[in-house]
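First the structure, in the form of structure tokens, and then the observations on it.
Chains: A, B, C, D and E, in written order; residue numbering restarts at 1 for each.
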């Protein structure tokens, strides 16, 4: 029996990756939830917005690398991030001007906006591919690991290794900071509150002297920042590929909704719920159990509840069960 | 005459990143032939591209329909993914009597499909690759492996074929877990695979899809140190992405030590694309075979050329390599026999699929290189 | 019903797009009747799907984003009905699998019964757990054994139980069974919709959306991974079809003679014949469904549904059983999608689970409904035709745009180089732009609800 | 006669592309006065209020505030000019707490709002108890109090109320009217639509009866109360 | 007719209805008054099945109806209007009324598809009935207007109109008067009295307009803080100290500041 090794194995294969992935989803979900909360539609173009912001960041990263600028152990992309955000902000503001503004003036139903955002998604899809191509791009540099599995084993003498990547650490830290900032902004500052007021009752917001254009502007700026940050962190941890970012949309939506859409705390909770659901449910406990059980009882099967084929099915099943018991998500979200 | 050949590949969709090199390979052959002016008394060849999307049978068959009925293509080089290839074959090619040569559809199921002698492929069926993989692993004394495969007919078919032959040879597959391509995170799969354990992780996926994601995740978590890469995974992308992290890993992919392969890489580089990309060489060969068969038939019509594909591809006859298409055409025009070897040492067997020459690769110093041929 | 001038124009316009595709090779059109008919057939299927979604959304405000799942279930039905049974599969494990499924269902029923009988408390919780866990293992034991047996039968070709076609070897002669499979596809989808509706319909808008999305993924996971059912991702090919095979027609002297008398070569004649056959079949279904939908909408039933959509609380207070009605229309709409799904598999001649992507089978259908005009059956159908046309034609359209924008440019110009690599991707870009333009100029859809 | 502080002068207009609802209707209020609009349902009272606030197409006539023509200004700009408005429906932020509703009322103010909030709580004590509850969860009458409280938070130069007492209990209505009188006497003109017409006319300095978008009767509150025709047709006898 | 026993409804700890017990006699027009937030609407909602009670029991004619869903209660003859109008906004005013009657044969799909004849008859009758109600409420000029475009008061009238489309046993009116012109309200009052006398409807009326209560209601129940505070004739209630303090008040204090003209 060897609890320490069991624990390390569990941490290495479940807890650490779950945390990092959860944080990536959470920041993505925050962006979706912001748009939903203030502008009242589910933005299908969010994945591609993330891709665009990331693409710009990558271009700047390459530029900096060619100038020989770096951040030491940290990825250079962090330095390029503000430029990515700025580029992304220009794009979403332009989109709002050209596309969404019209429907806002029309007071179009949310579902129309959803479909419009689908159109925007196609267009952004094209733009991203034009800007940076369709290939898989690896733009992480700097120190890859805070501690690698091998080093850990050497250090501790355990059989199991525990790897923690720099990007995982950065992601989790950034997620926490971003969530705190956003929560403070929305609930405590005047601009934040005016955004919630606007989303609640646009006409009355007008009658209170709230400038709708400003609310929309601030929302998109925040969304651009969130989307780019999420995209870059994800890309650093894994890699950048336009098509994958589109696919990210699904778990991100699931996170936002299971947490309670329109609610920033919910987005965070949702991100981690989805991430851990994916990682844990189909986990094969054989490895962990081998350490914990007496030798005679060691499992010969994989001790897996369900095969990983059902990873998505199970995480969605969990999502549905959560919704059945909490019909507006973990943290009471809005519903139109 | 201007002969048109359809190039149906997944220009958009999950394989969009390997497609350009495949199309470029096929078009390279066509350009070569057009320039030579040797085809059917000076005919030129034009490629007409269409998007197979790789996954949407409806869109793919519609696109193919347009190619045949509107563009009037004589034959089709494609499609890429086994699923849409089957759909186009039975719904479009068969009714219209159009010849299709796929460079990359490797599903074993396609060997049995009803094709009226219209369908060929320049890649081997995965059933064959399973055996090759077993042989390579056995030779290295590896008996316990974990397998992960991309969840489509290719991945599943290959994983099944491999597991069948590996276990028959006395090996153990500790776990065989599917992964979906293009997903956000593969920690769950890697967790399960690590739990299953094994000396080597066999990754039957795509190099610029989930396959690389799995490898990344497995290395980062320290779950596996050595990997086995079948055809879909072998590409320079591996060197770029992982470099020395893969030292000691092995793999196999269609190919020979024929001069053909290196000649093709040279041509590709000159033409400005990466010839080592997956199925780029096979695409070149597919297109070349179509044109050589036309010459042999003395007609660009599918109905005529379908009977000559096997002839030009196989012995006897003068061996023809990439860049030598003009020579092949001339020989054929002179009534002589040829044996097209091409970029992949192609040999068509059975119902018209590549016999499958494989090369065994090994990683050292951050790059892979061929160490053996089978 | 009276059609406004605008609507007549729209219908003519869309019809014109298909006619042009079939008759002229001007601009991006192919001038091939074959291609036009092919597009028409898929458009008909799309229109049926759009009709189903419109029923749910336009009539009842149910936000179903799981269309893909129902379409896939319909496809599964096509395999299970129109393919022949795999020889020996029932003996090798088919019965055992069935038994397992029955036991699984029995476990759930039993648990529900026991829970109803026993008083709340620790004892009940315990009993529930024991029943469920015990039942699960028993189920797995019986079921897995059966699955193993079935999947062992020549896995490269079969490994599944097959279907109900009693033609055996000659199953392709029983093509009419494919038509039987269509309504069965509807039934499959309806059954799934019933289960989903019972559990999830209480959720509101976006939450229902994500639940249906999730369920679609679950359905697909089952179809992809339960190889014994329909070979999973290994695909089932060579499905029989209700129309003759082109090859057979080409080899039929009677037919070739007839073709010649129309001045057509046998090849062209056979492909046209088959496609027109499909078109007629699909059109019959579409018109029947459209008639039913239209009649329902304009009846007191339709009025009740619209009332429920407008304000559930008030409708409930006015004596309308909102839950039951939602369930009814959810089942109906899903069944229609199932029918369309079965048709699609029949015309494709194969079931390829990897084909089912939300973008193509859920969101594109939504685009059809919204662009056409939600709440209006004719709008949904029109949207189906228009958007399908676009989905196919944006490819040549995109290439054309790429050509035009780079015309006259030196091929070494960076834009020209970028564009040549990017050409194929103009497809999605063009789709997006056209969609945005349509919605910009008629934000409530082309044929809005009155 | 000098120009009233706020006047919607011979306004004609309607919603969107629909038919005109207002036909040359005029409503005005002087500094320190209470003006009340009464009339049958659907007469256009709310429409007239919205027109004065610039939420409608007014294609002839004008709106003037303190002598300045504001016909072309957006509603927001009118808020900044010091106009406050409580609409008849959808007049609270349902998902925000009572306190946040009040804060939003004071959105354009940059000074300390504590004191005003205190005043609102004194006027409507129940709101103090419910300050942290979402306004959407309040009872009908409580919501109405939030709505009026929100407008008061603006410290407007002119206050427009569309049926502020609909659904509030008699005691709160009296308090509300008391407060309205007080506010008016500090010099802030109040323009108000009321269906509790008799009580409203009692405190009105000036009153309008609107019928089908036009002024049917105008006079002081007392005059209209005394007019038997008005009583019979609009005040319920 | 309706007996409410110890009804409790809490919203996350807050007791909106706090052990209210009351009886509504068949054939009466019972007034329900009380300060804002007293729990009147919540009480209605619990009886009408919108909310599940936290505790307590409701019976109707001896039958336990606690927690039945609204649509079932409707078919038992229990109707209600909403304090905040719940019109079907994208339907015409006439359709709003025509959809009300239950058990319309055209409301089953089968009949909708294949039973045109009978439905047409039924529809004509319904339409005529709706027109009658609209004329009565003086909004017949809006018959084909979308309900969403009505003025605040008109929506209230429509709410009331719906209860007139069917033969109800008991009707709960939640502030039908708020926002309705007083002259019209008198007409509505007359109609309520007539329905009560001629057709034997029982009414429960929430209203803050004492004149209206006075004209119609006997008895009157006053609620406060979720409990029944007083019960009796209006005169008795008006004299009740507690009611005056909590609800009625003593009139304007600022009378002196009014214009003297």
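One rule holds in what follows: a residue touches a chain if its C-beta (ideal position, glycine included) is under 8 Å from a C-beta of that chain, and two chains touch if they have at least 3 such contacts.
Since we're looking at a predicted model, the values are computed, not measured.
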| item | value |
| --- | --- |
| Labels of chains that are neighbours to chain A and to chain C | B |
| Contact-connected components, chain E excluded, all else fixed in place | one piece |
| Number of hops, chain C to chain D, where each hop joins two touching chains | 2 |
| Result of counting contacting C-beta pairs for D-E and A-D, higher pair | D-E |
| Centre-to-centre distance between chain E and chain D (centres being mean Cα positions), rounded to whole Å | 27 |
| Separation of mean Cα positions, chain D and chain B [Å, integer] | 76 |
| Between chain A and chain B, centroid-to-centroid distance (C-alpha), Å | 36 |
| Averaged-CA centre spacing for the pair chain E and chain C, given as whole angstrom | 46 |
| Residues of chain D whose C-beta touches two or more other chains | none |
| Where chain A touches two or more other chains, by residue | 134, 307, 309, 312 |
| Junction residues of chain B, two or more chains touched | 16, 151, 178 |
| All chain pairs that touch each other | A-B, A-C, A-D, B-C, C-E, D-E |
| Residue numbers on chain C that touch chain E, as the complex places them | 292, 295-296, 299-304, 306-307, 310-311, 313-322, 328, 332, 449 |
| Touching residues (chain side chain D, partner chain E) in the complex | 15, 18, 39-43, 45-47, 88-89, 126, 137-142, 144-145, 163, 166-175, 177-178, 181-182, 185, 195-198, 202-203, 205, 220-222, 232-237 |
| Chain C residues touching chain B - in the complex, by the definition given at the top | 25, 30-35, 38-39, 42, 155-157, 224-225, 232-235, 237-238, 245-247, 267, 270-271, 274, 344, 347-350, 352, 354-355, 357, 360, 391-392, 395-396, 421, 423-425, 427-428 |
| Residues of chain D that touch chain A when the two form their complex | 53, 55, 75-76, 79-80, 85, 87, 90-96, 100, 103-105, 107-108, 150, 154 |
| Footprint of chain D on chain E - complex, ascending | 11, 33-38, 40-42, 83-84, 139, 142, 149-154, 156-157, 175, 178-186, 208-211, 246-254, 257-259, 261 |
